[in-house]
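The two complexes that follow have chain A in common; it is paired with chain B in the first and with chain C in the second.
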Partner chain A sequence: MKRLVLAEFAEPEPLVEAARKLRESGREGLDAYSPYPIHGIDEALQLPRSKVPLVALIAGLAGATGGYVLQWWTNAIDYEINVANRPPHAWPTNIPVTFESGVLVCVLTIFFGSLFYFFGLPRTYHPVFEAEAFRSASLDKFWISAELREGEEPGDLERALRELGAGRVTHVKEED
Partner chain B sequence: MNEERISLDELPRWEGSRTALMACTVAGAAGLALTAIGYLFDARRTMLSYLVAFLYFLGLTLGMLALNMAKYAARARWHIVIRRAIEAVHAPLPALAVLFIPIALAARKIYVWIDPPAGLDKEVLHNIEHKHGYLNFPGFVWRSVVYFAVWLLISELLFRHSVAQDEDGSPRWTASNRRWGSVGLPLVAIAATFAAFDWVMSLNPTWYSTLFGVYFLTGSFVAGLSLLVLILTFVRGPGVVGSLVKKPHFHNVGKLLLAFVCFWGYIAFSQYMLMYHANLPEEVPWFLVRTHGSWRPFAFLLAFGRFILPFLALLSRDLKLRPRALSVVAAWLLFMHLIDLIWLVFPSAQMRDFGMKWSPASLGLHWTLITAFVGVGGVWAACALWRLQGKYLVPVGDPYLEDSLRYVQP
Partner chain C sequence: MAISAAARLEARRALEPLPLLEGEQDDGTINKTLLDYVWRKPGKGWLLLIGLGLAGTGLLTLALVVTIAKGIGMWGNNIPVAWAFGIINFVWWIGIGHAGTLISAILLLFQQKWRTSINRFAEAMTLFAVLQAALFPVLHTGRPWFAIYWLFPYPSTNRIWPQFKSPLMWDVFAVSTYFITSLLFWYLGLIPDLAALRDSSTSRWMRRIYGTLSFGWRGSARHWHHYKIAYLLLAGLATPLVLSVHTIVSYDFAVSVVPGWHETIFPPYFVAGAVFSGFAMVMTLMVPARRFLKLKQVVTARHLEAMCKIMLATSLIVGYGYLMEHFLSWYSGNPYDFYQYANRRGILHGPFKSAAQDPYIPIFWLMVFCNIVVPSIFWSKFGRTNVYVMWVASIFINVGMWCERFVIVVISLHRDFLPSSWGLYKPTWVDLSLLFGTICFFSLLFLLFLKFLPAVAVQEVKEMRHELHKEHERHEIPEFSQEMVHPMELEVGEEEKR
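Then we have the complex of A and B:
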């Protein structure tokens, strides 16, 4: 059962600063919510490098290999047809489909992979939704969330966040 | 950030470098003189070497002229601090107009269609005769004059307006250049396409590719961007101008370089693959000569060296942010552009097989390749240095210069 302290900021810069200070003080389970990408928040939260490029590379190479092998096997091995007297394995003519299938598999993988793995969809519940005010995170405000440790009271952390420039501060408890 | 910002009022005019100017002039004169001697021994191959050198520096010039026009047409601001470097590359266009004269005078030596030898295949002679309406010597000359007129008009206007703006800082120069840049883009590109047809493609008068002009222009654009990277890396540092050019500017040029390396790979392969696929007897010999025998290593070098390896290297964001590393890739691409032009021009030099015939061609490279390159390059660089003398190296009068100095990656 997670317990979170949520704090709302009016501007992105104080949020980045608050995230950095909290992380440096050893706080864990930090996250930030914003209507648009904020410069420097990755560094402030020390988020690991995104895995999406690696996934894209592997998927792209797999798709390209699959596309090429399919053409090679069908045209040169399984059912040879003499087209315009080109050799059955005419590699230049295979390149466009190889490229396209590489792009296709890559794009589909990162799109659905992001949706269902990295973004965790379909996710119908998140503890931050316990706070009604959190709606402003998708409009014009910037939120930070910090996890409370086992048995820790929210008071100190809430005060610290206010001192860092937060407007509204609240705490929520994950439903069982 | 602010303490390293230099006040623009302190920016000095560039007094020029007498040593560099002299060195370029001497190298240019010596190179051209040696090439002239080479002409006495082997006129045809000397002229082909000269054509390669001429096309190389013309390509750099047109590439950066295209970039300058595109920036004006798009009303871009980030590049203003590096615009004088772009202009410096297209400023020596008048020198190239003069350097074209030997090609026109000795055209007979390399363009077989001007005076086709009777020994040629009957089919080929018929083909050349059929194209006479376009491929004839007077047409070749007046079209060349038109190409240079169009390029010079746009290039001179953009350069002179930009320099004039240094003095009075009036925004009307920017407004005028934006119009000329937008008008110039299609004009310069069409002229360059036909120039590539006339000066390179017609070396083999029976072969044609509608993509050829794009191929030449794209390759030239990549080379021009590469030279820009080298210039910016060279001036970067504690100097007054160098300190103004920041990582985001390098990153942007690097990104353009990546985009156009991809584009070159795309159109170069398309041209090859479509002809391979169609397998028409009048189209494939051009590629057969260039992918077999002595020219086979060149074809592989271009596929890997001009597309695959630079593409993989430029994918890295870190590399594009490091001027020195980016310069290594840029220098390599400049070398590859030369290889590409040699690969385009020299195999057509045999003056033996046209039409549907082909046989493996020897390299037939000539020592004048080096002298012509140094000669044309020396004169070209001297012209650039001479035109920059007494000018500011940053367009200090541009109303958007501050935007460019503040530029960070969005």
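Then we have the complex of A and C:
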């Protein structure tokens, strides 16, 4: 069962500072929540480089290759259509569909890959939603969450967060 | 110095660009402006327009049923004019869609901050326009239930594949990729705003609906980390699509041998025309929407002016295209081409004398008036700042761009090489109902969008506000306070003191 301490900040900059300090003090299970992406939080939480571009590149190349092979195999191998004795495999006429299939597969992979794999969504329940005040995380406030260790009391961490400039501070636990 | 401080400030204020956000804004007021209207009860005006949209959609349904039940013999298409309203409307609608992608993707990559207030709106317009566009070629196949195996390469029992050397096949791939990309790009941008709607909702059901639509987004930094890159990559991919889709649409014409179609200038000229008509449609929709949704503080005069400038620029490109195709028809020495451009468009004899011989010539001149003459109003500051002027001009441009496609499709086809196979084209009531019906259906979808989803990208506007705010702090520019001193104007001693 996960237990989290949540703290609300009015501005993003103190939140980034707080996240950095907590991480440097060895706190694990940190996350930040904001209505829009905030500058500097990636470094503060030391998030590894995103793999989205790599996945997108592979998907795009696979899509383009697939598109080309599809045209070549259908029109030149499996069912040859002779139009005015032009060669059945004429690569210049394959360029548009090759390009479009590359883009299509790449876009589908980026969207669904991000959603299902990188974001881990759809997920309608998450312990942070236990706090009613957390609603402001998508509206106008900035939240930080830190995991509590086994048997640790939330008091110290809550005090530390208040000192770092948090407004509302609360703790939640995951429902079984 | 002779100039007083007040005069200097006045001069600087005049040079300063108009604000992207008007008034004192914070995240709270942005939420109020951009989200709260979703929770308000719909007004009478909205309900009335919805009613009209539904009525028009009913007419569209009727025309669809007639077309499918009786076949496309119900349309005015004939030989030689085998492509008529079906293709005109297809190209017109898909062109309108292009502004959405241009605003959301290309302007994002160029870091044009002003795009933020209008991109969501324009992307929705793209989606709904492409939806209307897709209807026409599918119906034009005559038997849409067979279109699946004519158009998509799947192993059917006929054991035959689509012919990939045809630009029509390229079109199928281009348009479906374009639609899917626009949809996913739009939805990815929408997810954080749907979460904001979920969290600002007051009723349990609304919370559930928007919660489901947002997939449970919680704005985690670990998600934003991937989100930013995914969004940027989708923008990067949508950018070549803007160019490729209309280029491929133009290939439908340019790859053929019909005089009036067989032209190398078509791809760039089509793309510019698409952006031109798309911005006109954004303007037509935006001017009333920003008034009735009270978005004037977010969609400011600066946005409208920037759109006017883009319309002016693309109008000039389109005008250059017109000029060039006429010049080349003469310069090429091809008699069929020359006849097409000089005679049938009334260039040699003027619009009125030749109208007696060819009933379509006034449409060519209407196109020139709407697309070249009307946008010239945007050369003047008055035209770019008066909302009534720009709204009326944008409607003229929409009409003009429809006429352009009519000129390309019908005028080119009705008299090509052999005088014995010339013929005239007249739209039937089914053609006209389809055109009118798609306009109503488009408006209906748009009205629903305006009511139930945030029409402005709330999350991006908040980010922009924060950035603008920080920039002011960083450069220590107090927002037009009396202490403002430009560094260049400081004495050396003062500089050191600072």
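By definition in this document, the second predicted complex is superposed on the first by the 174 of 176 C-alpha atoms of A that agree within 3 Å, B and C clash if a C-alpha of one lies under 4 Å from a C-alpha of the other, contacts with A are read in each partner's own complex, and residues count from 1 in each chain.
The rule is short, and it goes like this: contacts are C-beta pairs under 8 Å (C-beta built on N, C-alpha and C of every residue); 3 or more make two chains touch, one makes a residue touch a chain.
Keep in mind that this is a model prediction, so the values were computed, not measured.
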| item | value |
| --- | --- |
| Touched partner set for A:Lys2, first chain B, second chain C, both or neither | neither |
| Contacts of A:Ala84 with chain B and chain C, given as first, second, both or neither | first |
| Which partner, chain B or chain C, touches more chain A residues | C |
| First (chain B), second (chain C), both or neither touched by A:Pro96 | both |
| First (chain B), second (chain C), both or neither touched by A:Arg162 | neither |
| First (chain B), second (chain C), both or neither touched by A:Leu139 | second |
| Contact residues of chain A, present in both the chain B and the chain C interface | 86, 90, 93, 96 |
| Chain A-touching residues of chain B, taken from the complex the two chains share | 269, 272-273, 276-279 |
| Touching residues (chain side chain A, partner chain B) in the complex | 84-86, 90, 92-93, 95-96 |
| Residue ranges of chain C in contact with chain A within the complex | 26-28, 31, 153, 159-165, 167, 169-170, 173-174, 176-177, 180-181, 184-185, 187-188, 192, 195-196, 198-200, 211-212, 215-230, 233-234, 237, 240-241, 244, 248, 251, 458-460, 462-463, 466 |
| Complex contacts: residues of chain A adjacent to chain C | 12, 19, 31-38, 41-42, 45, 47, 50, 52-53, 56, 67, 70-71, 74-75, 78-79, 81, 83, 86, 90, 93-94, 96-97, 99-101, 103-104, 106-108, 110-111, 114-115, 118-119, 121-126, 128-129, 135-140 |
